[in-house]
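Below, chain A partners chain B and then partners chain C, in two separate complexes.
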Partner chain A sequence: MSSEVFSLESQDGNAVGQSWKRTNSESKVMGTFRYTADLPVPKCLYLGVHRANQPHARIDGIETESAMAIPGVVKVITGADLYDALGENLFTGPAFSDQPPVAWQRVRYVGEPVAVVLAEDLATARAAADEIYVEYEFITPVLDVNAALEGTDYVHDELRPSAVFPDLRHLMGKRDTNVNYEYNLIRGDSETAHQEAPVTVSGEFWTPPTSHVAIENFSASAWVEENRLELVSTTQTPSYVRQAIATMLNLRLNQVRVRTLGLGGSFGSKMYDRLEPLVAAIAWTQKLPVRLELTREEAFVLTTRHGVAVSSRMSADANGNIVAATADVRYDTGAYADIGPRIAAKSGMVACGPYRIENAKIKSRCIYTNKPSAGPFRGFGVPQVTWSHESLVDDLARDLGEDPARFRRRNLLREGDVSPVGTVMHSADFIGCLDAVTEAIGWTDPLEKIEGSWKWGRGVAVGIKAVLTPTVSNAVLQLNQDASATLLISTVDMGQGSDTIMAQIVADVLFLGPDRVRVINPDTDVTPYDTITAGSRSTYHTGNAVKKAAETMRDRLIEIAAKQMGVSASDCKLAPGGVISSSSQRLISLEDLILSQFGAAGTTMTAEANFTTEWVPYDRTTGQSTKITEHWFAGAAAAELGVDTRTGRIRIRHLAVAGDVGRAINPALVNQQLLGGAIMGMGHALFDEIVFDQGQIVNGTLLDYQLPSIKDMPEKLTPIIVENPHRTGPFGAKGVGETGLIPIAPAIANAVRDAIGIRITTLPLTPEKVLSALANQGNK
Partner chain B sequence: MNPRILRPESLADACALLSQDEDALVYGGGTALQILRKQGILSASSFVDISGIPGLNNLHHTGNELLVGPMVSIRRMETDPVVRESVPIASAAYAKVANPRVRNTATVGGNIAHGDYRLDPPVALLVLGATIKATSTAGTRAIPIDKFFIDFQLTALNRGEIVTSIEIPISNDVVASTFVKFSSLSANDWPSASAAAAIVARDGEAQILRLALGALAPTPVMTAVDITGMREAQATEAAVESAMLIMDPLPDVRGGVEYKRNLGRIAVENAVRNLWRDRQSV
Partner chain C sequence: MNLTLNINGTVHSVYCAEGDLLLDVLRRLGFTSVREGCGVGACGSCTVLVDGHSVSSCLTLASRCSGTEIRTSEGLGKDNPVVRAFVDEGALQCGYCIPGFVMMATELLSENPHPNEKEIADHLEGNICRCGTYREIVKAVLLASSSASN
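Entry: the complex of A and B
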């Protein structure tokens, strides 16, 4: 390992690597923490949304008279009203401009907004929304990805890619298709390699749509002030929202202000265009202050995780080397593309897993259906393809009569290897993660496999994901005369602890103690541009910008101190307590230094920095790129579990999860991210699922939509931090928000396979599914 | 619109309020009503909150009966030593309701009036042969528990009636009792199958196995099997055979009919196994 490279860093202020207490932990525990919906806003009219009860229909008429007759109702707004005011700008989205905030002419999913009531209070707004009557003309709905590919019914008449992306331009106006994006990876000759290989396994895999269910629900308020639009909303992408709203309303960026406070969870749900286009369009066109708060049931139709079908194949030679992989990946993106096209590409490129494979062929498609729009969800589509490749690799090992962990170990990508997508690997220690989790659960220890009706087994899986590239982060650091600091960034702390980590980075460079660095909540009038808080990118990207800003500040402090002491800057260094001169051993405190510099108490010094990453766009035919990503995430999970063959119930005795985080800036928070991801992944493995019937969600309430409870926890849950420093990470660090989730479901399914000898290819692994698989096995 | 909350201070006032407005509903702990209201499944002009009426949260042991007021919390049924001692199967079933936060708020009267086919306590009350007392302006009547659950989400309670007491017989004839519950999704979920069972001695040697099933038909259902002189295997077979006849599961996101029948069978098997184990240890 490159310890010399990092020896300089370790001389800094000792904050990095410490498990500092989470910022705001007391107020969160005491219930006094202020969430976005608590931010004071002007007195607003409340919005009540009338939603479509049809998956696909033409809107023939909207009857609003009875809603308007209710006392307290001020107005009813339809998609036509907004289209008249905004024209084609009404359609927004991060990749395709295909989604109106309120349906215009046509509805495309059950739950789509059709009309919006403005009323004096929330209850009246919601009650009046129920009184609206819509006349529909039925259009045949497209209800799943296979129907979408094979049928002749289309969700959209033509594709509407956003004009700003050159790689999507060729799709503009394309008709008679439900496929809005297709990514292809081609390397070597997979067909021949499959044919010549002695062992081939294949499968039809399915991961259902799931819901994020952040405990804090969605809210947004918007109003006009001095010909500017003010927006307060639960968003993890304030910079994106400012740009999207400015474009929609044809405003300058400085006419739109977006604010958010810390979020109570998000997991990708509060990203891109959620409530913001709706409240902004109404506030701006009506010149009225408006506020929208979703019910829990409405949150289920706002955005989902993609349901994904994968048809895949993998082959190995007689020596146990994987020689070929093929995958046809179909993302069910629902009625609007959202970020689905990017998900299809970013996940497609890792659909054959983190293995040395010379022959690979992947087709990954993003497909419209008449369902609620699917968007980003912790893992950005990767858990769904990991479900396929980690099941196949396991089967391949077993068919070869080899231990699945040893088989993976031989085939995993190593430092310096070229991945199937054409990029050289660095700082992605799959083997370290694999070894750590198998050792943790006692992989090679004897296991009593049958106890009464219970059968026991062990499984392992690895995961790979590329960080979003290219992206931009900025940081502005203000050092106050009393040696406290204020950090301005647009990273949103939604529970992952970014405010704590960024403060630690500043504190480490400038030798400040805990509580000396305050991180300002995102406010696009104040905090600088940051692409998004998502994709586990903040620690690395914003962290680098923050570190650069702090280092700039450090250099200026040294320069000023040298002048004040009459020595050269190279003679001085920053140390605990202030700047010290080596030759004179004189120390100037930061307080005195800034006081002398400006001659006033309470003065400030400001430093800023930018951190931008670049990539080499992938070849449109082969998907290959010499730099597809700035860095990789590597993780692994192993499970020891029992299957009750009478009830089909799965009980996890030990679940271990490891992630290569480069360097853990705050080990406690890293462990919590690994665990949180693992628990969420366990829900996806065992019972988390949105169930549809004819395009209608049938379990869209928290009574029927099940999340893991405390009683579902494994008997033992072990997070393991693997540190393989990244050469350009801040202190070697990378993110960890998704790493823990990605390999969980296949690790559990592989353990089930080990226990009962059955490969189940559709998630979740409900007791009913396990029992029916056992019954089928018995019948064979 | 939100219902008005009315807070009568006597049972007579509460009955009068309910008789004057047929869209008024009795409000106990509110854990079920509030969810159903928010989901738009039920609406009410007003909620008649009976928490301020003296005496409704009393729990009284008469020697051969446990008299439970409707405002006694589910949590108290779980934890009260008197309940645990005198009707352990009831205590066990109440202990399995939802989670501690709900159990602290939800009430015995509201639970039974809800009439949901998946609730835990009704199966225990069926096995114990409880009686429900319901009061309205017309007076008070006694409804045997086996006549209480009429159909899917429908009970024998009339509009205007308030559950004022649940009377649970305490019998020395109960040789052993048990409650078994299976959920198919999260461990904290509604059950997909539950079974309460008790062995009751009759006339010396004769023994009856009383068995009630939850979540396995549109209402909680009950059967009884004479197991006099049977060994465990025979009793299990007889219990399963009888139970399968009264199962009529509703398919939903928690599983299909066949799955639930299978789970019901296992719940009965486990229940009989528990009974035998407890009987041995007596």
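Entry: the complex of A and C
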């Protein structure tokens, strides 16, 4: 049975491997497609949020009278009001229960909600929020990771890990620290190996915080119906939100309903606790229907990518083998932990890269500061450590006088190797990806390196990421009598194309053509539990659940057909048009089969399946695990670019990106994920950056915050699908949502080093930074 | 104030405040292809055509559009060559920003029926697709350009 469940080949339903048009393409292009904010909800009061203008302060008083005096204002709610109603349950978070939806007694970042106006319309709510005045008592803020580690000022008095996770319990109540989590990886003896190695390189690396800027902004509505809470929200984690809200309000799971439609992008921003605790707490305690829509400026302070500092070293022997790697990784997680502790661990474990390294020592810490809370962002912390290891590996190769691609090729992990974290590698073709991108850009072709003020170079980088493990996915498949199907899953299609992929999997198993499978949007009253839509996990995990449900359905159809035809089930198989008996060559259509089984038109058959992954938790001292993850993502990027030495401007002539996706269910969509990730990564490499001044974001509007536009595109972009089937993937498939982003920034920086001979260790590579590096070079 | 707006060829009578933005009025009327991405005219998601010219409806007062012809992407219809080209080239991912690109492309092709890639990029520069679908969008505009002339 298990070999059937995990059969790698398409079952000839002619859907898997085809570039089906994205579901709802036409309505999305015409603009008639409904996003979450378009879902009809009861008439709501609008919320306007008054936000802290201090990075760290005690709240001494909140003056709300002038706001209340404005016509249309119904109420003003403070953190104290909510704390009185909900007590300690007010504090939520996916790893630590440390964040109140509205500040209680103390504010910890500029932009934190302090009071919320309920008004009859949006404009009034926002205007009234501006009229609120808060009396603060200043507390010394902690503004960067080094101050957080070295100083004696603390963002929180004590750590509050969520009681749900046994591996965090030992941190409960810990005081006098800003470090909420520390992951350590120890393998071999890195110190001795560094000392004995003939070549060692080191660096101080920095990747700044960035903003996701999904063009669809955040919105959420909540109201009470009977004794239940209804929630419509832009979330990529509906199952998580239902649990979090049920816990906060002390409700049963079936008293909380969370719905979301397709999202207009997310990239990790719309997950875990965003607007939902705030609207749910107010709706439930006030018994009022409320709606919150953020402005873009508010979205900038809601969640960010982690700024990360890495101090790292890498050594090689005389034969060009990497023998030791050390990294001290500091994640600036802002005022609330969010999922930062998990990011510190999941990224720390790959901080020395996808290489055969016998001696490794990594310390990866998640650190509180008085800044907006950082959370998941496409890549889950991995692009920031990749920035470090791919810069170092490049320097090692150059110091040894070796081609950086060939140096990587010798050291990269291969099938069956044990990775530095202690897990055996499978279906992660780094070498295939590396070869593909270098070949694409003509790595060994001659290059005119100097043209006037322009200097040209080439760079390459690889990336590795572990898929989130353990997780749970479920699928419920309903086959309708007319041979159409309805698929119930809680995966959120936010542009990655899951609605299309899942439909293709069902269609392939059951021989249904395009447009016959409808995927239902997440509704926790209807669609079954799914851990999260994130971490590139859906194609593999939900895809496996969907495939198993479809296969169960197929087996039942065959059983029924065999009975109807009076033959054995083993004589029958599903084929285009229905079930066919091999001995009699008789074919029964699915329509006739279901009609005669139930004796009525319009009847349905239902099959369901669960797919759950397991891991071996890592050792708390060494970080080692024999199964740290269900599978790995492998990717590579190569760039050919020019640097204008007069202006510092970088022009990318060719950017190639490759990802090992196991098997591409829909090649067109896989290419879009690879390129979309690459373009986002290019922004991170060249200009994307949240700039802070004393804890205050100073470029938090789209007038000031630069995003890649059509004019920033490289002259040539090449996506490459590498297929190294995974033994337990649906048809061999794995995900691809993050693979394209991870190696981009170091590939570009390595090309810059090739062009101008300078290693820049802080992102982004702005013209100012390049120019000043050139000036420093000239002064030496 | 009472306002008469001609949207996609149909006249709508709406009541709105003097300072109401075209974006909000269009959304209240159900034209949800018009979307606020930034509120400052920097992302292009709220782009509509007013008398054939692209405007950011988040920066446009509804009251100034009385007596004009407003077009949103809903009004193009599914057989419109630009709509067809975007669908056929797969020029979308999440799709949220796409109607804005479709309206910019419509404006471009009315002014310049056969743009080259650089002219397309010049014209669409003000629109942001965070999913990074730019390559397919350029191809779609080229396809629309050639299919319209056939």
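In this text, the second predicted complex is superposed on the first by the 770 of 780 C-alpha atoms of A that agree within 3 Å, B and C clash if a C-alpha of one lies under 4 Å from a C-alpha of the other, contacts with A are read in each partner's own complex, and residues count from 1 in each chain.
One rule holds in what follows: contacts are C-beta pairs under 8 Å (C-beta built on N, C-alpha and C of every residue); 3 or more make two chains touch, one makes a residue touch a chain.
These figures come from a predicted structure and were not determined experimentally.
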Partner chain(s) touched by A:646 [first = chain B, second = chain C, both, neither]: first
First, second, both or neither for A:25, with chain B first and chain C second: second
Partner chain(s) touched by A:767 [first = chain B, second = chain C, both, neither]: first
Contacts of A:127 with chain B and chain C, given as first, second, both or neither: first
Which superposed partner A:691 touches (first chain B, second chain C, both, neither): first
First, second, both or neither for A:672, with chain B first and chain C second: second
Partner chain in contact with A:699 - chain B first, chain C second, else both or neither: first
Touching partner for A:777 - first (chain B), second (chain C), both, neither: neither
First (chain B), second (chain C), both or neither touched by A:444: neither
Between chain B and chain C, more extensive residue contact with chain A: C
Shared chain A contacts, counted only where both chain B and chain C touch the same residue: 295, 701, 703, 707-709, 711
Residues of chain C defined as touching chain A within the complex: 31-40, 42-43, 45, 72-74, 76-78, 83, 86-87, 90-99, 102, 120-122, 124-138
Complex interface listing, chain A residues touching chain B: 123, 127, 130, 295, 297, 646-649, 686-687, 691, 698-699, 701, 703-704, 706-709, 711-712, 766-768, 771-772
Residue ranges of chain B touching chain A (in the complex, touch as defined): 1-2, 35, 38-40, 99, 182, 184-190, 253, 255-256, 259, 262-263, 266
Contact footprint of chain C on chain A as seen in their complex: 19, 21-22, 24-26, 28-35, 38, 212-217, 262-265, 267, 295-296, 494-497, 668, 672, 675-680, 701-703, 707-711, 713, 717
